[in-house]
Amino acid sequence: MPVLNDEVPSEGDFDAGRRRGEFDSITPEDFIRGSGGAGRGNPPGWLGRDDIERARMQLPITYVEIVPVRTDDLGRISQVGSLLCVSDDGNIERTLITGRVLFHESLREAIARNVAKDLGDIALPMLPANLQPFTVAEFFPTPGLSEYYDPRQHAIALCYVVPIAGDCKPQDETLDVEWVDPRGGTMETFLAQMVNGHDRIVRRALAWAGI
Amino acid sequence: MPVLNDEVPSEGDFDAGRRRGEFDSITPEDFIRGSGGAGRGNPPGWLGRDDIERARMQLPITYVEIVPVRTDDLGRISQVGSLLCVSDDGNIERTLITGRVLFHESLREAIARNVAKDLGDIALPMLPANLQPFTVAEFFPTPGLSEYYDPRQHAIALCYVVPIAGDCKPQDETLDVEWVDPRGGTMETFLAQMVNGHDRIVRRALAWAGI
Amino acid sequence: MPVLNDEVPSEGDFDAGRRRGEFDSITPEDFIRGSGGAGRGNPPGWLGRDDIERARMQLPITYVEIVPVRTDDLGRISQVGSLLCVSDDGNIERTLITGRVLFHESLREAIARNVAKDLGDIALPMLPANLQPFTVAEFFPTPGLSEYYDPRQHAIALCYVVPIAGDCKPQDETLDVEWVDPRGGTMETFLAQMVNGHDRIVRRALAWAGI
Amino acid sequence: MPVLNDEVPSEGDFDAGRRRGEFDSITPEDFIRGSGGAGRGNPPGWLGRDDIERARMQLPITYVEIVPVRTDDLGRISQVGSLLCVSDDGNIERTLITGRVLFHESLREAIARNVAKDLGDIALPMLPANLQPFTVAEFFPTPGLSEYYDPRQHAIALCYVVPIAGDCKPQDETLDVEWVDPRGGTMETFLAQMVNGHDRIVRRALAWAGI
């Protein structure tokens, strides 16, 4: 269940239910104290609470959204990954890897940073040679306006499929990283557990990959 | 020549040299008075001067950038369009159609609005069936950081080729809309007159279209 | 039901159940007499029965496959078209627009020719500016080898979504052209009536278009 | 210089100047004796001289064409590869990796086979998760008809960028595999040495990759 009234808004979290900060080295305290500036221990581009909340009411926020996959030696997707996280209301939630693109950060850096944030530093993501997203998901804060809903903001998510060649070590609030055969019977269950349209993004990734 | 210190920042103008407001019905006075709110004659999502300037220093701004083309009956690009505008320093400048995506505005609405803004209401743009951009251009306010430079902001431009089936009536500060055969000799001159990497976007559009 | 042992193999028909010749002006007699050469009333590139049957056993055959759509003024797909044809065994079959690419014929010519063959000469197809197919469907003559099965041949189909701006006049054995709202309840019925994986091609077209 | 009248037509060679057989284990003798059938030491799908020559006059031949690249840890292309081969007239020629798709062979198998043919078995090609080509190059046997010319045939080449993660060992008639920085000064020389439009395919690959 997405939560609107986070006491501590998780700046970079696309899926509202996740409370984790966007960077491994940042504690909630850093976040609350931060005003978005460098020099306070926050990464460049990081925004303080007031600033990100104001921005979210004023203009669309650019996100990257990553469908992590395992591929075989002919490049076919053999497994699709997702994250299991605990949401604010105590439910377990299945999500993809998502995060805001920070000021002065390139899309490639944003993809790499968000993969490392969720899967750890030895995941070895194989970023694509071109940055044409397989789909652009438009999340609106108004339910029903589009297929994608985000109660916190208007977000424009550039979606990429990223093969993961290394080992995954779930970070922070992520309980687990789970892999499912996209052609297997559990794929539907897997998709049914995703909220706010993220299942559609996975379906589009699979359609794009010819599955 | 792009201009950094606009007295009246043209909110939606991607190319800094253009002074025109983003909407036909908005005068500079509206803009100065506006605080971004509806109810003052500004469209929803329109930001006042302080708000857009703050946002530009805090997070990447999402743009659509459109390469207008004429196509023949087999869909091949026969002509590429561009706009001639007068910049603040009195030079004539060649640009594409660009504009910020406003809060709560869909990408399709942003494309249609910006085409109408520059080419008029009977241009009959043929928007693509899918919104996968042919390229994503990342503009940074730091020269040399990427191929694309925008002194005012970090902008992420989703770039589309849009066939124009109707008549074009240049609006506002646009002096003219010019069409060039992409295979002809004047194409290089045309490209040389584009600044800040917009020529690269046209080249990529043509490569994508197989020209 | 696809039929393997056509008495008169319909050279250009992708879907084996369709008996119609590939060109409006060609009768089955022309076809039987033809040896693929120009000068006998056949279009250049047209192959006689022995030649096409031999080729089908020897190498993959390149096809174009077209999902005809109606779009609204923002380019969104409002309707998906399909053809109703009578198959050799008397059943009514739902298909897309498909046809072989002929020798010395460009992909654009093949798309335009096949649309005209099925929808008539005033359908006004809006061919895309780039020829990157939204998917490449590989049909094998061995069931189960891939998602796509064609008992007659190994076919490589480059798949395109083509908006139809004009009027459709079903040709030859085509009984009707039907249009369905892709978001409506009858879409699933529509898809269930397609055989040999063509429903998957429609699903991928819709996923690609963000539906 | 492409050669039309090969004494021993190199079945799978896209670039006519290359005399090498399509498979490492096949000698020209095998080829001449072969009638395309399995059971004579030829791989399934391999065609004898008469059959491939007849096919080349009758219908378009489907090819895969691969631009081998080296990428950095953010997925950016750092180097573009090409092959140096000796042509029949004794000149050294620069080519890409190309080959015909064989009967009953999938596109992925064709890509992997052709990379192994030219770069060896430990090249570790990273095939893309989706098979949408970055461009489709249409080669006609008539000069001037399109940007791509192949004196031997009408070929439809599906073009892919494939990162190479392993070691390259040039095979057979390939003298060398050379890598060039796509942003460096020697790139233009590199492109100028490619014939029949293959330089255009590289330029499109780079445009597609945002370079």
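Read from first to last, the chains carry the letters A, B, C and D; within each, the first residue is number 1.
Keep this in mind: a residue touches a chain if its C-beta (ideal position, glycine included) is under 8 Å from a C-beta of that chain, and two chains touch if they have at least 3 such contacts.
Protein identities per chain, from UniProt: A, B, C, D = NUDIX hydrolase family protein.
Only a predicted model underlies this, so the values are computations on that prediction, with no experimental measurement involved.
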Checklist outcome for this item: Contact steps required, at the very least, to link chain B with chain C come to 1
Item to check | Between the pairs A-C and C-D, the one where more C-beta pairs touch | outcome: C-D
Checklist outcome for this item: Per the C-alpha centroid definition, the whole-Å distance linking chain A and chain C comes out as 40
Checklist entry - Quick one: chain C and chain D, Cα centre-to-centre, how many Å? => result 29
Item to check | chain C: positions in contact with at least two other chains | outcome: 131-132, 134-136, 208, 210
Item to check | Contacting residues of chain B [partner chain C, same complex] | outcome: 69, 71, 73-77, 108-109, 112, 126-132, 134, 161, 163, 208-210
Checklist entry - Where on chain D is chain C touching in the complex? => result 36, 45, 47, 51, 54-55, 57-62, 100-107, 131-136, 138, 140-142, 146, 154, 156, 158
Next on the checklist: If we count contacts the way the header does, which residues on chain B are in touch with chain D in the complex?
Outcome noted: 135-136, 147, 203-204, 207-208, 210
